[in-house]
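Letters A, B, C and D mark the chains in the order given here, with residues in each chain numbered from 1 onward.
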């Protein structure tokens, strides 16, 4: 099929190459012109404006947005809509909040345009070689795009999840689980690191990645990481976060669902962003008050 | 090589079949005589006593214990030792606490017997078809048994971890990580279950098992589980635990290592074993005291 | 001073009696007519409609709303506003979300009406005999009402916190802390309850309430509670929650502040509302899949 | 009554002064001679050796040890025992692990000596002016010392908890609760510190300490602390810990009791002792592997 891709960052760029390798036609656009030019070498049709991108699409037009979650998605939608007609399809392949997706879905439905949300997992390598997709939208829209998702994904790696918003919701939860799994793995290695034994972490990751209960892609990646930096001496333990983990915890709170482990994973990330904490000062000050325990003074 | 297996439960039984299929000679013993007889059909030499088992082994004798952690291990060791000589090897393939293993290692070393600890992962299917092994012990002992471990495991699925105790320690941490990963996955599905969307959990597990960041054996198993019972309506959420998760948390405390997620996974298991909690009563009583908030009376 | 009280539930009713006992004039209204009639016996002027209530107030009119947080506050504001004039004061003494308070503050400011938020703590007994108040609003409005808050509170038990919203925010955090403190106390008693020792919990609460580091009103209340029901046998551990704990966690997430203990207190409350959990089923199913561990079947 | 005090640190010294002020006779000893000399000014009888101390006591002799938990307690017991006779009493007023206390109790019981454990709370000021005591031991021993504990404590601030070990167990749980309460308070102030409002924390502590649900000694101490250092700018958030919090969590694990909040309070303390964490490095490395997310390199 033919589609237009808006946003050619790490993920969008690789998805386009993946599409092209499966003989789909792609019109490609980014605010920066270079990636579209590069993709032209692989067979993409570059566009220099969104208007041009849409004008090069056949009806029903399918526009895939791969841009950062938040206001940029709305800005792109605002720019795309004037050039679309009822029956056209807009796909948000980014990590938008499902509530934003629900609102955008209603807004585009009012114009007769199909809005789809495609949660995308598998990292940058998955985008290129076969990823995992969770897709919400109308059945009609799904019928139009499902072959493409079949091509983009690894075997069994795509799922039509039902109405608009269900794809992003599922991707959000996927990421919440990912936070918890990563923190669990990380805690295990921290204990190993402090233990009396002298493990080779690359070897540990490898044996755990092969035949164990906790084997999986994250453990494969651990092996890669330790092969480059055996004790991770070169990096600091600063754990940044995009929004999905936090959204997962907020959603758990909304639904009165239990998510202590995912929540804790989130809080440990916040903690890692700070060199010192106010809560720590409060506890230290209290200990000093009641027991005369020494505090550590700032230099 | 030739070895004697003591303990033919789910794990020991499957390990013997795995050994036999790789043309190792196995003398097999269990307190219950049936499994040894059954294994004779696959080529094992059955023994009816531990003494008989040891008597049928060539020097250096290799005895593998696959019995429940705790006092039973010590009882088996007590029964085996009188029949062994310096240079013989005893392997504990169960989930013993590494501190017990350290003590046993010293005790047998004093007699010139090699003690090895083989943490075993991969479940019952792994025991049969290729598992994951983390093995501690002396280099001499390792030399004697490493080909067998190579045969028993999936490719790259075994690791010599160094001195006695290091194998069980690593297996303990593996299980601690497993607890955290399982709880993270479970929390994700709980949120899905309470959400406004209507997911097919077998399909969700399948798509997450293929190409996503959180893919791995646990997700494969989720798909199996949901294929049999789509909403797990037939079972109760009682989360029993063997000891390793708890030992991991205790070890983290000993080492002042951070393991909040593993600890929380443990506490949620405890919580699941109770229909009601005393801590809940205390909070309910307090809310009633200060705010007149209604309590739920027992019927 | 004179003021009108809208909402005569447990808290509003007691506050009116507290105001009357300090010789303030109160016009009292509730959707149910009985409490206003009762309060007339203490000297209040009953009103049967909001319009009547406002008509009986001198300028600048001071209206105190003590109604459940949420839409009811907006409904009351809608009913009150038409009868007010610039310079009048509206106080929300309930547990409104501070973001709602900010919005309402702007809305009333546009009409020249002062909006104040008075976070109220100390329970129903505090409302009657002297409570704790955290009050946000314009300095002019504060000047007008501060003597009344002085009278309503225990000594040092009121604080002008600055601009609109700051009172409700501070009360929200107070409640978040309260959740964590209650859970900590409750966990302590749960461990005692499972211990090998045979404590009298009323006596334990009493000794902890007198001279210990953890003494405070919550421990006094524990003693009361255990004096009535020594092992809390008559109640179930169902921990309901009003919104502030959840808001505190959401706010912590928004601000990337560390609040693991408050968050966990919240999740344990959610957990207590369910007899069984989906996350528990998932873990139980997984354990069964990989290790053949028995599940508990539903009857 | 008359008793001998061994250990004249912050707590022991103040307890002796408290005893003397209630006209008890105290023979005082410390490895360092100065405090006993100082206490002589208040009426204590100084001793320069443990032997001398015991020799100055009437039968039944009562020896109170106020020394750091651990091996020192056993060393002191070893030094005291040779000079004692059946019917004498030894009190451990420190924070010993209750399992150690149980063992010591059995050991002394075999010699006919009463062993008592007196968990002591209230800080250094409580030791001087009236503290909180939780005391285990035989009923006979309790009869002999109860008037003294009455004098040492604030009103209602002492409790005979039953057999040996029950006092230290109760004190351990008290400290576990304290950890959770302190962390809850600290999290609240951390959120305030990051909020859009500009609170005066001394004033906040004061209003919360007067009339609120969370009022208590810890909040009084917060006010003190903020009065000296309004934003705690002079100290670092390093949260050291003595052993009781960790023991509480271990005990909860042993008893399968729920203590997530106390456990988390403990882990946040561990976290505060490190500038960087290995678990953080692992998560950062994984994020880099699958998503190309930038890591923070060490300088």
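Methods note: a contact is a pair of C-beta atoms (placed from the backbone, for glycine too) under 8 Å apart; a residue touches a chain by one contact, two chains touch by 3 or more.
Since we're looking at a predicted model, the values are computed, not measured.
K.L.:
What is the chain whose Cα centroid lies farthest from the Cα centroid of chain A?
P.N.:
D
K.L.:
Since chain A and chain B are copies of the same chain sequence, what is the angle of the rotation superposing the Cα atoms of one on the other, rounded to the nearest 5°?
P.N.:
Superposing chain A on chain B takes a rotation of 180 degrees, nearest 5.
K.L.:
How big is the gap, in whole Å, between where the Cα atoms of chain A centre and where those of chain B centre?
P.N.:
Averaging C-alpha atoms per chain gives centres 33 Å apart.
K.L.:
Just the number, please: Cα centre separation of chain B and chain C in whole Å.
P.N.:
Measuring from centre to centre gives 48 Å for this pair.
K.L.:
Quick check: how many Å separate the C-alpha centres of chain B and chain D?
P.N.:
Here chain B and chain D have centroids separated by 39 Å.
K.L.:
Would you give the residues of chain C that are in contact with at least 2 other chains, written as numbers and ranges?
P.N.:
123, 183, 185, 187, 190, 193-194, 213, 217-218, 256-260, 264, 268, 271, 277, 279, 290
K.L.:
Can you list the chain C residues touching chain A in their complex?
P.N.:
Listed in rising order, the residues are 213, 246, 249-250, 253, 256-260, 263-264, 266-267, 270-271, 273, 277, 279, 290.
K.L.:
In the complex of these two chains, what residues of chain A are touching chain D?
P.N.:
Where chain A meets chain D, its residues are 10, 123-125, 182-183, 185-187, 189-190, 193-194, 217-218, 221-222, 224-226, 229, 232-240, 260, 264, 268-269, 271-272, 275-293, 295-298.
K.L.:
Can you list the chain A residues touching chain B in their complex?
P.N.:
121-123, 126, 130-134, 153-159, 161-163, 165-166, 169-170, 173-181, 183-185, 187-188, 190-195, 197-199, 203-204, 206-219, 248, 251-252, 255-262, 264-265, 268
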